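Going by the order they are written in, the chains are A, B, C, D, E and F; count residues from 1 in each one.
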Amino acid sequence: MQLYPLKLVTIVGETVIMDDIAKECQELGASGYTLSEVLGQGSRSARNVIVTGASKTMKLEFVVPMDVAEKILKHVSHTYFEHYACIAWLSDVQVMRGENYLSK
Amino acid sequence: MQLYPLKLVTIVGETVIMDDIAKECQELGASGYTLSEVLGQGSRSARNVIVTGASKTMKLEFVVPMDVAEKILKHVSHTYFEHYACIAWLSDVQVMRGENYLSK
Amino acid sequence: MQLYPLKLVTIVGETVIMDDIAKECQELGASGYTLSEVLGQGSRSARNVIVTGASKTMKLEFVVPMDVAEKILKHVSHTYFEHYACIAWLSDVQVMRGENYLSK
Amino acid sequence: MLTIPLATLCGHVPALVAVFNAEQLGRIVESLERNLLTPIPLCFVLGLICTQIHGGIKIPKELYLTIAIFLLMSIGFIGGHELAHEYQEHGVSTIWKPALVTLVLGCLTPISAFLVLRYVGSMSIADSAGIAAHYGSTSAVTYAVANSFVEQTQHPANSFLPTLVTILECPGIAIALVLGAALSARERAAKAQATGVPVRESKLGEALYEVMTGQSILLMAGMLVIGFISTLFMDTKGFQPFYDFFQSKGMLFRGALCIFLLEMGLVAGERLGDLRKVGPFLVAFGIIMPLIHGFAGVYFGHLAGLNLGGCTVLGAIVASASYIAAPPAVRLTLPEANPTLSITAALAITFPFNIAIGIPIYFEMAKWVGAT
Amino acid sequence: MLTIPLATLCGHVPALVAVFNAEQLGRIVESLERNLLTPIPLCFVLGLICTQIHGGIKIPKELYLTIAIFLLMSIGFIGGHELAHEYQEHGVSTIWKPALVTLVLGCLTPISAFLVLRYVGSMSIADSAGIAAHYGSTSAVTYAVANSFVEQTQHPANSFLPTLVTILECPGIAIALVLGAALSARERAAKAQATGVPVRESKLGEALYEVMTGQSILLMAGMLVIGFISTLFMDTKGFQPFYDFFQSKGMLFRGALCIFLLEMGLVAGERLGDLRKVGPFLVAFGIIMPLIHGFAGVYFGHLAGLNLGGCTVLGAIVASASYIAAPPAVRLTLPEANPTLSITAALAITFPFNIAIGIPIYFEMAKWVGAT
Amino acid sequence: MLTIPLATLCGHVPALVAVFNAEQLGRIVESLERNLLTPIPLCFVLGLICTQIHGGIKIPKELYLTIAIFLLMSIGFIGGHELAHEYQEHGVSTIWKPALVTLVLGCLTPISAFLVLRYVGSMSIADSAGIAAHYGSTSAVTYAVANSFVEQTQHPANSFLPTLVTILECPGIAIALVLGAALSARERAAKAQATGVPVRESKLGEALYEVMTGQSILLMAGMLVIGFISTLFMDTKGFQPFYDFFQSKGMLFRGALCIFLLEMGLVAGERLGDLRKVGPFLVAFGIIMPLIHGFAGVYFGHLAGLNLGGCTVLGAIVASASYIAAPPAVRLTLPEANPTLSITAALAITFPFNIAIGIPIYFEMAKWVGAT
């Protein structure tokens, strides 16, 4: 069974921006995403708005080809990194039936 | 301190099948698993049964040797990929005291 | 846009020790961490204290340079691996604006 | 064996129509108003509106689950309590007939639904069976709303209706799934040969067991027994606080229903968009099938000797479609079935229809068949 | 246009001081005691203490959200119920003036707050506007506590106060955000040129819409309508359980408030550490601004014909700062604003101040301006 | 110092046996029935059954936590309320003796448990100390159930029992952990030399602090103070809704207990499988130790002048084992201890035993020692 080499982009940041990021990244070519609630601590976590009881931080994952990955990282870096608490990284993954997750 | 090179298999799919997958993968040789609730969006997420209020999607992770990883991906690909919303990928990890996670 | 090659250290273990681990790893040089609730099954999960209704297991992620990664794994391996249910692994990641996450 | 009920039903279609003559209509509209302008359906409407304007109301999943648990426990506990009284007075004499009728309806409704879907709607076997499983079972919340309705109209239902809800939960799902699995087995085998992919063993047994030992059943049946026993063995004073906590006329039950229907409105509203996807046939099915099943419930309920409230509520629960127990069971056993179809029909069409319009109609039907 | 209210306010600063003469003080202290030694504020204190000794009390997020939903629904539903009675008796004659006054106050308080922050505190445009958005809106919990206070002092507020809370929620946030966005637009443009990074399109519109269709508004306004309608169309007997469930004098509402304030104490306590960060000016602002806004509320409320309880409660809600609707809206539209400042001021300074000391003071103010 | 209590206890073992003579047994069986056939224990049974048939009942973690919070707050608040009345009438004269006795029992029970485990059961130091920590502390839910029992038998316990629960929570855990840490320190040092791995500093202090400032203590003690104060300073009318919300005879408290015990049944049921792992000794320990501790509680309670209900409840809480505060503390300080042993014993053996059989026995013991 063949596996496709693709990129896994992981973005962790304050909840208030994650919905927008998810939307925007799909426009940049991601075929889908996986979102989860986390608790985070970082250099700017003071920035994390603690709306009482609400989850501070969320984690967003995209399985995408390299070109889309770069677009996503550029976008997040330019639009959100300055003013919002967030971090993003890239890693190599071998995806099952990966052809389904190539740019739309 | 030596680290063992092993594979991390990540499966994200609709909740209804994840328990079975976890069981079956342990039979295929995984020494354990880590399961978490996520929210997902994908090409077939329409398929995700939204039982009111219940979490749509779950994420399942296995740290396993290559041979087990392949068995797992084959199994998931054949048994679930066609009719259920799911995605699976493989990545390289260096595991602490990895000897504990070799095939049983 | 340049990406920094760093290490992602992932630790999964029983809830009762995770706060301490998070604190100790920051002292070892991690600039932050991401923590999430998971459900786990492993060789020693019997060890996982099931305080009624509370989450058994947690997952802790650090984006750090190699030297810090090694310190973290050494510490966890020596201090917790023997008596507590936990697993830890290392993987390679390319981090956006990675200079922010170098040792403090 | 299955022609009879169809005959019975068809025999009554004119009747069904007759229900809608002028004077009847007037009465329906009136009780429609009496039903619609109360907090419970209005909260459902609020939820719908919220989704349509993309509003921010969010009911935490755990609150939803908590209310579901409370409602199921209440229905069971109070049911058991009433049953104990009924039992002390009349033994089983008044109960066995309605129970039997309910069981029969639980076995026939999935079949009638399947036939209509497969042969009138010419849907795939899997989809027909999947949807039939939903309509063969019942919705506890529809029961609760119908019960509140008849209580508000001063025609409380017979004490043992909760028992009937419990009886109605399983058989429909079981029969529909068995039907679907059997009929689609051949297809799969063929496909398997073609593709060479081995057929994965069916999860039918597993799924059926999960339905029969599911949360709804265990909580309702379990609390029914508990309510029954403690009514027999406790003094009224000691029993009172438990009664106050669970009683369906009480503030907790009614208040919880409001919040629950708000959430139902949010969920149904999110699904309104899928109405286009499911097409006109399924929309019609989601309204007409309940009317037919509802009439069957009312009619047979009357034959079994239920009172006016009882016939109405039985009609409502027979007409209702399950959206909690059925979906996962169907998903596991009939993966080819598209869940969007079944859930949209059950949640976005039939549930609102019953809550808003159906229940008053079943009430009029019950009067019309002569229940008192 | 904005000089007038300031004038009005300044004109009354002596008055404001006069409030604090000996005999008044005595009365304040007394009602302070009457207010402080009740479970609701004491639970807040318990929460504070717990954080200071790093204690283990944890209120699950979902419980917090559930209580918030219940409180908002109650405020709306009972509000609508009372409104229906008021309406049946006097039509809109008694309501329009207070509603208008509230709307005006909702438009002026963000501006007064902004001016003080920007020119007295010389804070950045973004921070000034961000904090102003919080103080221009209101806190439903402060309303609930104020309402309990006046009920306990046997001076219940006018029936339509919940309507005023709903009116007060949005305008303040909207005006402050528009102000901030407009004023900081130029700055950003300049910066963009310098860095060459394109300006990201403002999310103002989106954020405003989210505020106006947010949970607080929809639940309060929605339940207000539902309470209104069902009061008109249901018989008292059928309405009773819903009334018992939601009523603000009832055990559920009061008990829920206790748990909610325990959580508020935990949250405020965690933020006490940030008091150092925010500096003395903001601390002073968090106490004096509410006193000024509170007096404005009391004064104009009296002019609009509110009773003693009504003036007190209006004062309290005008004085209160939003910590639920405002933060995310500000975060989205004014990312340069440091949320630690606004949230600490609203949660760790103004909220406790109002709960503990403010409300009794507004009560005395109301007496002093002659409300009865 | 520790020989005395043992002597006292041993001296009463015959007595203990005597409790079980024919006529006594009859009475026990009878009150067993009176206890068992009520909703609270029956809900526990329902939970057990559900796990044995792999049923689908799931209580959301947040609901469990919410009920726990509510029960602890209720116990404290009503306790404080009653205490205020008691205090106004008799000052501390009636309270200090029972309080002292409770403290003494809190210090002795962990030691007696440790000795039995270590020298009769010859378990490891760590395991003995770990389990002793559980049995030295108490279970608030066992208190609540015992309290409901005596209220239902029309022998309400003395008003200050909640105070005793609070006193009993900590010392047992502290003493057992110190004991275990001290004794196992040498072992570890040796082991460290052998392996060369440095000993990780003990987390004893940290863990003890966490126990003493844990949720249970803070909520119970905190609400106790709040209930006390507001009883003294509020008028009855204003106090009523809070009383109705929290009162232990009320529907909320009893209803919440039902749901809580359902969950306890689910948890205990999951652990039944571990009974094999823990072996016959621990099973016997889980039943006999509570009987001994329970008798000690009843006996000394009687000496301290508690009434019939009071002795029964004190017996029950002394007999009960902690499964909330103790486990994490033990896990942190005695990692070598196997949590499966302690939790299975506390949750799957002692808790059900006390709920079902223990409480009625302590009731009979109390009668037998002459409490009235």
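Criterion: a contact is a pair of C-beta atoms (placed from the backbone, for glycine too) under 8 Å apart; a residue touches a chain by one contact, two chains touch by 3 or more.
As the structure is a computational prediction, the values presented were derived from the model and not from experiment.
Enquirer: Please give the intersection of the contact partners of chain B with those of chain D.
Expert: Under the touch definition, chain B and chain D have no mutual neighbours whatsoever.
Enquirer: Starting at chain D, figure out the least number of steps needed to reach chain F through touching chains.
Expert: 1
Enquirer: Check every other chain and keep only those touching both chain A and chain C; list them.
Expert: B
Enquirer: Please compute the C-alpha centroid of chain A, do the same for chain B, then give the distance between them in whole Å.
Expert: From the centre of chain A to the centre of chain B is 20 Å.
Enquirer: Indicate the whole-number Å distance between the mean C-alpha point of chain B and the mean C-alpha point of chain F.
Expert: 42
Enquirer: Distance-wise, how many Å sit between the C-alpha centres of chain C and chain D, to the nearest whole number?
Expert: 48
Enquirer: Quick one: chain A and chain E, Cα centre-to-centre, how many Å?
Expert: Chain centres of chain A and chain E, defined by C-alpha means, are spaced 36 Å apart.
Enquirer: Counting only residues that touch at least 2 other chains, which ones in chain C make the list?
Expert: As it turns out, chain C has residues touching two or more other chains at 36, 91-92.
Enquirer: Could you tell me which residues belong to chain E and also touch two or more other chains?
Expert: 59-62, 65-66, 252
Enquirer: Using the touch rule from the top of the page, what pairs of chains touch, sorted by label?
Expert: Final set of chain pairs in contact is A-B, A-C, A-E, B-C, B-D, C-F, D-E, D-F, E-F.
Enquirer: Which residues of chain D touch chain E in the complex?
Expert: 33-34, 37-39, 42-43, 46, 49-50, 53-63, 66, 152, 249-255, 258-259
Enquirer: Could you list, by residue number, the parts of chain B that touch chain A in their complex?
Expert: 10, 12, 36-43, 45, 57, 59, 70, 73-74, 76-77, 81, 87-92
Enquirer: Given the complex with chain A, which residues does chain E contribute to the contact?
Expert: Spelled out, the residues of chain E in touch with chain A are 59, 61, 64-65, 197-198, 200, 203, 263-264, 267, 270, 323-324, 327-328, 331-332, 335-336, 338-340, 343, 347.
Enquirer: Any idea which chain B residues touch chain D in the complex?
Expert: Spelled out, the residues of chain B in touch with chain D are 14, 16-17, 20, 46-55, 78-79, 82-84.
Enquirer: Please give the residue numbers of chain E that touch chain D in the complex, ascending.
Expert: Residues of chain E touching chain D: 60-62, 65-66, 69-70, 73, 77, 210, 213-215, 218-219, 222-223, 225-227, 229-230, 232-234, 238, 241-242, 244-246, 252.
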